[in-house]
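Listed after this line are the structures, all set down as structure tokens.
The two complexes that follow have chain A in common; it is paired with chain B in the first and with chain C in the second.
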Partner chain A sequence: MRNPLADVPVPLLDDLIDDEYVRSLVVGVVGTLGVLGLLGLLFPGSVAGDLAGIVFSTGTAASTARLAAPIVLAGLGGIFAEKSGVINIGLEGLLIISAFASVYIASVIGIGNAVLGVPAIWIGFLAGIVASTLLAGVFGVVCIEFKADQIIAGLAVWLIALGLAPFMSTVFFGGVNTPNLGASVGWRYSAVMVLVATVASWWTLNRTAFGKHLQASGENPKALDTVGVSVSRVRYAGVLLSGVLSGVGGSALALSIGQFVGSGETMVQGKGFIAIVAYLFGNYNPLGTLGAGVLFAGLDATQIRLQQLGYAIPDTLVQTIPYVVVIVVLALVGRTRIPAAAGDHYETEE
Partner chain B sequence: MTSDIERRRFLKAASAAGLVGLAGCSGGPSDGGSGDDGSSGDGSDDDGSDGSDDGSSGDGSGDVPATVGIVYSDGGLGDNSFNDAAQQGLIQAEEDFGIEYDESQPEGTGEFGDFQQRYASSTDPDYDLVSCIGFNQTDALAENAPQFPDQDFMLVDSVVEEDNVASYVFREHEGSFLMGVLAAHLTETDFSAGAGSTDPDSTNLGFVGGVDSPVIRRFQAGFEAGVDYAADDVDVTTSYVGSYADPSGGQEAALSMYQSGADIVYHASGATGVGVFQAAQEEGRFAFGVDLDQSITEPEFSDVILASMVKRVDTAVYESVSNVIDDDHQGGESIALGLESNGVECVYGDEIGGEVPDDIVTAVSDARDAIIAGDIDVPTEPGDT
Partner chain C sequence: MIEPFVDRSVAERILISIAAILLSIAVGFAIVLVSGRIAECSTAAWTMPVTGLGFCYDPFEVYVVLFNGALGYPFAVGEPGIFNPSWTPFNLSLGLTLSETTLLIFTGLSVAVAFRAGLFNIGTQGQLVVGALATALTVLALAPLLPAGPISGVVIVAVGTLAGAVGGGLWGAIPGALKAYADANEVITTIMLNFVAANVAYVLVLEVFRAEGSSVVATRYVPEYAQFSPWLFPDSSDFALLALLVGVGAIGGLYYLVEHTPFGYDLRTSGVQAAAAEYGGVNAKLTTVRAMTLSGALGGVGGAVWVLMSEGRWIESVPDLGFDGITVSILAGNNPLGVLPAAFLFGILKGGALEIGFRTDVPTELVGVLRGLIILFVAMPEFFRMAGRYAGLGSDGPGGPGTTGNDDGSEGADDGTDTKGTAGDGTGSAAAVDGGELDA
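Right after this comes the complex of A and B.
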């Protein structure tokens, strides 16, 4: 609330323009796109022309929206946990468990059936959120109540989900991959969820008392304790919220296909770890996280189309483009300040 | 201090539980019917929920003609494709001969060697044959086979030149050639069936591969050669997703192909292919399945799966088991299954395949005859035409 008077007309834009980091990112992205568009117009037959054709197509945009959903949602969850002082690197595990639970419950109820008027696929969606929140709750108890190392506990969350989801699938369906439900949640729903969650997260973090508590819990828990707010409760809330948001992401991912695939890294394919990069990239700002997630997903969508042009570049190299670009951008402009007390346990003094 | 002690105790308990959990995840082959390795994720302990796992529930003694240990490829069971085909071969052998089998689904390439060794070194039961499914197991088996000279192995999709290994390879390029011929003819006609239709104005086709590897490139090469053979001005766009377990990646790759005018997309990408079928349904276009007749194994998508390039992994597994029972293990041999032995086939979709026009069906079967007769030489690497 640096500028309380100015937040009446367009609070969101105003705060953002204040932030030099966000401004340099926006200028960079718009600049790159502009140069690419210009080159594409000038030399339509060249590589730049092909690339511009890909980047400025609606197909790529829709593809980006689909690919970004789980990354952005898990990233937003990660912000809440880490702002409160609990580093949650188990986001990948939360995505996996919710992806499986959503498909499992939807198939138990049976597509076409409804419970209390809610179609099975949406019950499955909710079940995914519940499963992810429960696992996040266990993680919270281990880290906050029993003061376990957050990094190790986070890894455990990932490994448990990575083993448990394919195992349960084997028990219930006879293989690590579930059969297809034959129904799916359209990507427009998840795109709307992403936008709503981003704006709501931004509002919660910057405009509510709870947001201030979260920040204090991560920066200076003693100050929060001194004014009579329980640090543990704030941290539990942060961790549970990371479970809820990751659950939305995992359910959206699995139900967009209508199936859980559990072999290898499972169908989540490391999106939870990309989510961590996304929120660090966005410096704990939900809008920045949205931008970072969209950047990565956009590059991924571009990469898929680039392969199809048939240049004499090995496909495996083209597949690494999103990762390479994100690392380069992170190295050049990344400016992340981790909350001062993140990773530390807080012992309340009576 | 009490809280500190409590914390330590908790951490100890938690780490012990974690270790047990991990041991369960990477659990090795379970031993025959004893079932004391109850937490392993290898599908043989799942109380027979789908009726296909009862093979390991009997006692490994008496009149069982053979006991087989099978290590699946990293796509896992339930891919409705490659691994499930291998399992069908075992189930068939179980019905016909009464064999027993144990299954393992490794999580990644690093575990293949482990599972192979555990089956090979097990004495209770003493496995008569260890089946290794998939190209990725080649290196691990090349290392393990000489260490267990008395153990019979069979390998699908690759060749290991050892006296105790029977290698089964498929001429996927030949089957894929037929898919190319079929696709090229269809994209040039105005055709609709089930939930899909072709656009006669646009003559584009797509190929989605799983991991860029020699096996998958054989599919691509054959498909492209078949398209070239049947039509002059039909383009094939190709994309590799980089995983056999990434349906959302497969969906994006296929959607971009359909949106740029592809009428039919052929996939060779295991469970990633579900995304391709999903995309076909969304766009009202067609897709070709792979390994099994996917219009039957993926019934939700039978209205867009026009045909499948069936690869008889089940035949390879079944034959190798039957050879072992007859004491005639083809160790050191490399058996290539192509069109003439129906090791690879173009199988029309269960629901809509019958609507393919007769002249196109004839063209495909003519191409098949020409390949068997040796009149057409199908390349194994893309761009070799």
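Right after this comes the complex of A and C.
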């Protein structure tokens, strides 16, 4: 099937994205938004007008940034892990544990207090990253050292966090939801972190020796071993990076409202799985992941605003869209190819 | 991805499962201890001997309540005698435990049958949701057409269960077909379809099938006579012996199907080596679709039993039975026969969680942590092999130091040094037994 969008010339994009599929995705989204904006300008009173008003409002931008942070950051982390050859399906768990740890540490220090001049909320932020990285480290040891099945170990990471965070919350705060800190991290910080992380990830993956090693570790570990680079070490780095990035995402999620909600599926609510969707949708390209994450978060944010304007669309159906999109993309268009050696153990030959 | 589960001997699997359970209990013990130290309480529930440190939670009591309570306290604790004289098997707690066991048998079988075909069906949860809704709607539609009574009750239960199987089977066939004909990874598609199933079923019930005046999103209750009736056990336990018997029958049937029929042969060979199976005349694509349909149907039956035995209606808060099914199946080594003890163990954990909530201050979420830990440890058989070698070499455990294979020992010496040593100490005895029997 010839992709018509692949032939649209966009000079800047061509340098950044050599992938035809991601490119057409970007062009498609920008095109849709453009058409929507145009319709909104032409017919201000219609549904299109309302929709355009919502999509291009700062309120929607703010909630999109807030909702997109965990998805994009965990997605970027997922790229590093999977490129290195370790499929990390436990991103959801990493988000949950960092969301809880960030709020817990911030409340232990006390909002208003500071350690070494750093306000409590930012210490909490760091604690979330540390917690997530530690859990990712356990996952790495289990997968790389003990040759565990990566999918099952990833599920275990999710389930452990899903049990542990509400457990700890009940131990410390007497309920699965923590009290609100009364302070939060603004959406602009989330937006900046997302953008910086995306660009840095792109740079690391495409312009550094480490990026090449990651690629080789997932595609052809034997070749990497032959040139004298430790496959295990590269894979540990990939998995730990997924922990760091997911930690940033989870902390940003919880601290953007100043509370951890642990009931049901917790406040993370499947964002870790959407993150997997986002990087598959973006075909392992950080920019594509950013686009997909913002798209999914934007859909959610738009839907919330539409409800407020009195359009009765069941919100649950709108939230279903990303999942359906992924199934369709996987089945028809993308057929995103996972790294050849992802999911396999590598035995060093000595 | 699947090979580690296929080419391992049954005895080794059983040992690894038992070791994983013991290790997660040990880690859970540590978690209770640490959180009991951090939590705030007026009087210590347990004081550590020698050190005199007080803890808010008593880690021994937690496990006693968990396992004893799940069975309805058959063992006397703190009183003379081993057994509790007033205990009967038909008590509420054991009923709740067996109710969970019954549901987990179906979801565990669902995951196991897909595993045997080399497919990781994470979508049992979604298949259960869809099957449950199909059952509830079918029964609600059928009940007014038949006269109320036990005979039409039997018909309705049978038809309702069949509807659940069809609903779940169709939902399971989707990722199967996507895998077979579009090469879409079933792990991703089944996760996605879980969310789609939950959301679509929720909206359908919310907008169309919601019971009038209901404060929650739920369908109407199905008539009492159209449910599995609780023989012997109290009504409030939501447990029907008949459903458990159906579950046990399903275990036997599936075992026969997988091990002794041509379809089972196709299933297993395409699970072990799809290309070779294809070469040997197996239609691997069709087998994939069939396996996922069968898997989905079992999940759907689980949903049917949930509606007709536990809940009496479809309600939005569907428990995580599908995800627990993954744990059950992995713990069972994906063998249908292993599903029974594994489901019973998880039934105990679930039933015991309620008792922990009643009798202790420890948050019941502990059981969720244990569930995750068990999966994690079962997923890493290599850890127990290393620990076994390490213990077999370094200590005089039951396996004996000199008698076990020395080639294994020398291999264990260079990598059995740092982290495994400390972690292995927790289950020193289990690991030693492990190592001893493995080499024998």
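Everything below uses one rule, namely that the second predicted complex is superposed on the first by the 310 of 350 C-alpha atoms of A that agree within 3 Å, B and C clash if a C-alpha of one lies under 4 Å from a C-alpha of the other, contacts with A are read in each partner's own complex, and residues count from 1 in each chain.
The criterion applied here is as follows: a residue touches a chain if its C-beta (ideal position, glycine included) is under 8 Å from a C-beta of that chain, and two chains touch if they have at least 3 such contacts.
Everything quoted here is computed from the prediction, not taken from an experiment.
Of the two partner chains, neither chain B nor chain C is touched by A:83.
Once chain A of one complex is fitted onto chain A of the other, the partner contacts of A:330 are limited to chain C, with no touch recorded for chain B. Touch criterion met: A:273 reaches chain C, while chain B stays clear of it. When both complexes are overlaid on chain A, the residue A:213 reaches neither chain B nor chain C.
Once the two complexes are overlaid on the shared chain, A:146 sits against chain B and chain C alike. Shared-chain residue A:235: touches no atom of chain B or chain C. Of the two partner chains placed by superposition, chain B and chain C are both touched by A:314.
In the superposition on chain A, contact of A:163 is made with both chain B and chain C.
Annotation: chain A residues 142, 146-148, 156, 159-160, 162-163, 166-167, 170-172, 176, 314, 316, 319 touch chain B in one complex and chain C in the other. On the chain B side of its complex with chain A, the touching residues are 6-7, 10-11, 14, 18, 21-22, 24-25, 41, 43, 46-47, 49-50, 52-53, 74-80, 83-84, 105, 107-108, 206, 209, 212, 237-240, 242-249, 251-253, 255-257, 259-260, 270-271, 274-275, 278, 298-301. Here chain C touches chain A in the complex through residues 1, 4-5, 31, 35, 38-39, 120, 122, 178, 182-185, 187-189, 191-193, 195-196, 199-200, 202-203, 206-207, 323, 326-327, 330, 363, 365-373, 375-376, 378-380, 382-383, 386, 419, going by the rule given at the top.
For chain A in complex with chain C, the residues that touch the partner chain are 89, 141-142, 145-153, 155-164, 166-168, 170-172, 176, 270, 273, 276-277, 280, 314, 316-317, 319-320, 323-324, 326-327, 330-332, 335, 338, 343.
Chain A meets chain B in the complex at residues 59-60, 62-63, 66-67, 142, 146-148, 156, 159-160, 162-163, 166-167, 169-182, 184, 253, 256-259, 261-267, 269, 300-301, 304-305, 307-308, 310, 314-316, 319.
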